[in-house]
């Protein structure tokens, strides 16, 4: 019976994309206290940046590099022209949130304007599969898995081992103390966007790959699951977001496992995922990796 | 239940024990913030609760006011256990607290901050708020609120947002707010910190007046010992989670353990046992 | 461009949004609750009404009342389970709840008509309608008006009047209650829950009440939406609708009750007015590009409005900075 | 119908064109043949169906241009004018707003739109019917549209109702696999997919067949592999899948990857009957794929339309649904010319008469002849770019015959034509 | 000798609430300076204002090092860290979610070179931290946290350390440990400005001390001298204290 391992692999693949994107959202929220509603559209931007490169006949490797770099540049650029000034106006969480809704509209439809509405695909064989034991995996999925392993390793090293990564986590944990400890806030903000943008670019491209075909609504459609992953793993905790992404991906795919009372119909995937999230929060109000807040 | 706590059992209440704290223990992450603290507050008194930073005074306040639950021990108020009551029930029973960091409602006016604390407001119910004449009780309360604001010299700021008040003014507002609730017992957490010397005198004076006139009992955490010892009838000293001394202000000043606990010892030594 | 037919439609949509956002105003503007699943209340009320009329033969007004009650009950359910969560976690729980509601409406075809919407409530091949009484009432009113005044008043204009009448009534009720001690208690909870409970306010019960009341108001918006459009599908209740209510609320000024209708009108104008952006040189673009451009312009206007007036139209900057 | 001399007609045409160019032309919907018909498009340019809207808008505008050319060639003093194209954002409320604008401020007499059944139903109920405007939807297939209350011949559609399609599919699959075969059914989770799946299953089971797995999948989800796994499982005789090309571009490969699915054992609908789209999705997911389609001059004519569309709109994506909005515009124009009026209440009475099945047949490439016939008051059987559309009294297209198409080696061909009795 | 830190007429506060009202102080290189005074005197705010964490309204802060003079009034903390200042807040002074090791390395953000070697050296002095290197700092005891906070500050190789009530909330034995660290640092020539609640403890060890009250300078002088000053005790125990208390200051200096 190969159903279960297959579902696990499928869950890990879609979870990987959520995880990678969620780390960025989580860092941005933890460090900038910004609910970036436009993050899904950063993903879309990355996917199309990569597509542009493949359209020139260059390889997926180059496309990946460009997608990552271009989205990172977009994120940093938007910090400079939009979020920085907004922050200086001391806009509250909610007016920033409305600004992000506006930005999401602008980005998505700018992409529509440039690339048109049709769905596109990377020049990657979507059909041939590799057999790994009981599991069948497509080339795209293999690329996605390997890239996300690399990305997660890089994220892990970056956050845990590098000075900038530590500073980012420190800032998310306790911004005042981070300033005290000599962390340059301005640099951290830019670094955060750089990392979040790069990860969004990568996640966008991977999503485009595993989806096979994509259109400018791709990232927008992923936004809610990404946010759910962030929350599942504890808001502001980057490692938690990684974990949350994988858990969510697995929960969604495994919900169709036929052993579970014949499998929950696929159209209830999101219902299962969201219910799992709500139940988890009721049991662990601080998220998977959160510490229980000290009373008073 | 509230009603009975407030007034019903007056006859059986031991006047020397309006508030009775027994062997309270509260641990945070394994560290005992309050460690078998025992304390009595006599009705009509001003009792000072003093002690160095980190002695557990505020933790004890949180337990008495229902904001935290003790790991063990009991709190009795007017002869009844209130250890398990939520904060709003404790407050409705007439035991009102203030906070060390004044918790004023920043985007409400100073006057609204006070009016909020006024008891018995039928128009706090949605439907009654819609009924004609719902504002009548507010008019009564407003008079008293303005009196209290005048008492703490904030009457000229009545219509300002409480968020623009200075730290000292916020303290005064907290004090007035506690009185507005028509309490039997007021727990004041460092009412003088950050208050300038003239207002400080004013506040102490008011404290005395109110206590004398209104039959209100005060339990006061305060660092400004000079001031607090002057006005209090009784002093309890906390150190490292315990009440190490309870007695008159004079006795407090003379007690070496208190002085050590307070000024600190030149060497880091374990403070010696609790006096009887 | 100034045709009243179009603008009365825009106006009535804005009115529905005003009522809808007023519910959010009670929940967030007064009580500080970050409800990101507000649209669920609207969906539950509208669907409850339609299902009760079509399947159980209830009178329309009874079904409408039941719909509002159902929205309120759902609000209570969400509150009872989740109000103790931190604000941002509460926000995500509510949005998840609204998505669960939408997917269930989509997938329980036997009960709800599924993706086909309410028209499929009786199953395939039969067009179900839940507002026949209402429509004939409106028709009678139109007849009466035209026989009395000789004016032919369109259905949209009647609905416009009715919806804004309801909106005004609810606004006044909420406004009245919010300046009364009731509102003061809620605002105190918004500012500092512990401070509120320290003076004897039952914070949890109050938050629950605000949530239920906001849900009921959103339910009323749902019922009006159903009556206006005569037909709806689960797609009408996407999360985006909640965010539009937030836009309305923040545009108007979150803590100002009368900011809500203003925000709703501005919002309606933003979406409808940009449909007229077809002059030169925009007219050189093809229809799709113009449609994208329209949403880009809406996005830019939102960004600009929030940049220059982060406190909203009626909000006070000082109040915002005190947050 | 009065006939003036050549000069007057030319002058009138110039006048009409000038007025049109100035944007101030007011429609004259009197009984004579001098009028301007205003057609407005309500289509999804943004939102879930954003991938289709722009192409349908382009083909509708192409139809307007071709109709005007034909009218000019015929010397008929009628102009079809685009009142505007508005975005319905794939949501009913925005759709109603869009249609209201077209009707109230732009004076559209005919609205072409929308794509999703939800939006179309809302526009029909809230705008078209109350304002007495003709609504022709290109692609909405929801059976509910047939029985819509009070529609009073104002609502028409090009794409067949799922009731029809489901029964035709069941018949074709029964012929191919035997009536007792086990079929796995997959459908996109929207009005089109669920209605078609249900209707198919009902007919299939009634005829003694068995249904294996039924998988209804959300179209905007992140991955389709688990859904595909389920749909492929159980070793069924064949599959019926109700989907559109852009979603099937994700679902198809996922099905192939399961290794348990075969396109050659799968039936789909005419939504997929498009060579270009199928080739784009790729042979492993489409080779041998079969499907039904309402009898149409498919094949050469459909291919010609695709080339014509691409020639007229360089760089535009062909989604395979373009014929629907093209035919919608043409049919409404034909009906208006035949009615000699831009008044929707007159146009609607001629819609059946220009669609067939009786009357002379005119293909979409023979518009001048068709319009001439229409002006002469003759009945027409219009052979559209989408297919033959013969409206019934409910405004639904009927087809006496269906074709069975198959995609093989990069080519879509019609295997056979089969007669099909109307279910009603 | 020119002072290393020179604060002149500093007025500062938070948002619109002034706390300091023209406070002046100096610290010569290698000295330990104590800031004492009753609660609410503005002691902590003085440190925060020097370290760029409170808004300075007027006054000047000058820092001298290696013959160079820097007017650091209103500089952001990260520039001060780079210059050789560091500050240990009173509470919330470790990153609870980060491991002890990460907390330490984070202290070296301004001077990343040879951070690991420095950490090794510090771990010799702060021995007990070594056993918990990979535990999250949030799981440490109060004393360990305080040690960690000091050690983290030292990771930036400061020449001037600002300490805010390092004994607050600590068990006596932990206070002993922390002050043991400080004694060693002093002997190594580090300049220390320390705000302390435990006046006896800190005055006995301070080269120089400032007594603040109500946001202003009240008394100043060598620490042990101030410790003898009855006025200081009076300030703490309040108005009537010295009248009724038998000469506690003398008795205190055991």
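Each chain gets a letter, A, B, C, D and E, in the order it is written, and its residues are counted from 1.
By our rule, a contact is a pair of C-beta atoms (placed from the backbone, for glycine too) under 8 Å apart; a residue touches a chain by one contact, two chains touch by 3 or more.
Everything quoted here is computed from the prediction, not taken from an experiment.
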| field | Fewest hops from chain C to chain E - one hop per pair of touching chains | value | 2
| remark: If chain centres are mean C-alpha positions, then the most distant from chain E is chain D
| Per the centroid of Cα atoms for each chain, what is the distance between chain B and chain D, given in Å? | 76
| Gap in Å, rounded to a whole number, between the CA centres of chain C and chain A | 30
| task | List the centre-to-centre spacing of chain C and chain D in whole Å, with centres computed as mean CA coordinates. | result | 34
| remark: Two or more other chains are touched by the chain D residues 45-46, 48, 53-54, 189, 216
| In chain B, what residues contact two or more other chains? | 29, 67, 164
| request: Spell out, as numbers or ranges, the residues of chain C touching 2 or more other chains. | output: 106-107, 288, 292, 295, 323
| field | Interfacial residue positions of chain A with respect to chain D in the complex | value | 3, 6-7, 10-11, 13-14, 17-18, 109, 112, 116-119, 121, 126-127, 129, 136, 138, 141, 207, 210-213, 215-217, 221-222, 225, 249, 252-253, 256, 258, 263, 265-267, 269-270
| message | Using the touch definition from the top, list the residues of chain B that touch chain C in their complex. | response | 65-67, 86-89, 91-92, 96-99, 103-108, 112, 115-117, 119, 121, 123-126, 128-130, 134-135, 137-138, 161, 163-164, 177, 180-181
| query | Where on chain E is chain B touching in the complex? | reply | 16-19, 38-40, 139, 141-142, 165, 167-173, 175-176, 179, 197-201, 204, 214, 233-234, 236-241, 244-246, 248, 252-254
| Which of the residues in chain E come into contact with chain A in the complex? | 51, 53, 76-78, 80-82, 86-87, 89, 92-98, 102, 105-110, 112, 138, 152-153, 156
| request: Name, in rising order, each residue of chain A that touches chain E in their complex. | output: 160, 163, 166-167, 169-170, 172-174, 176-185, 237, 291
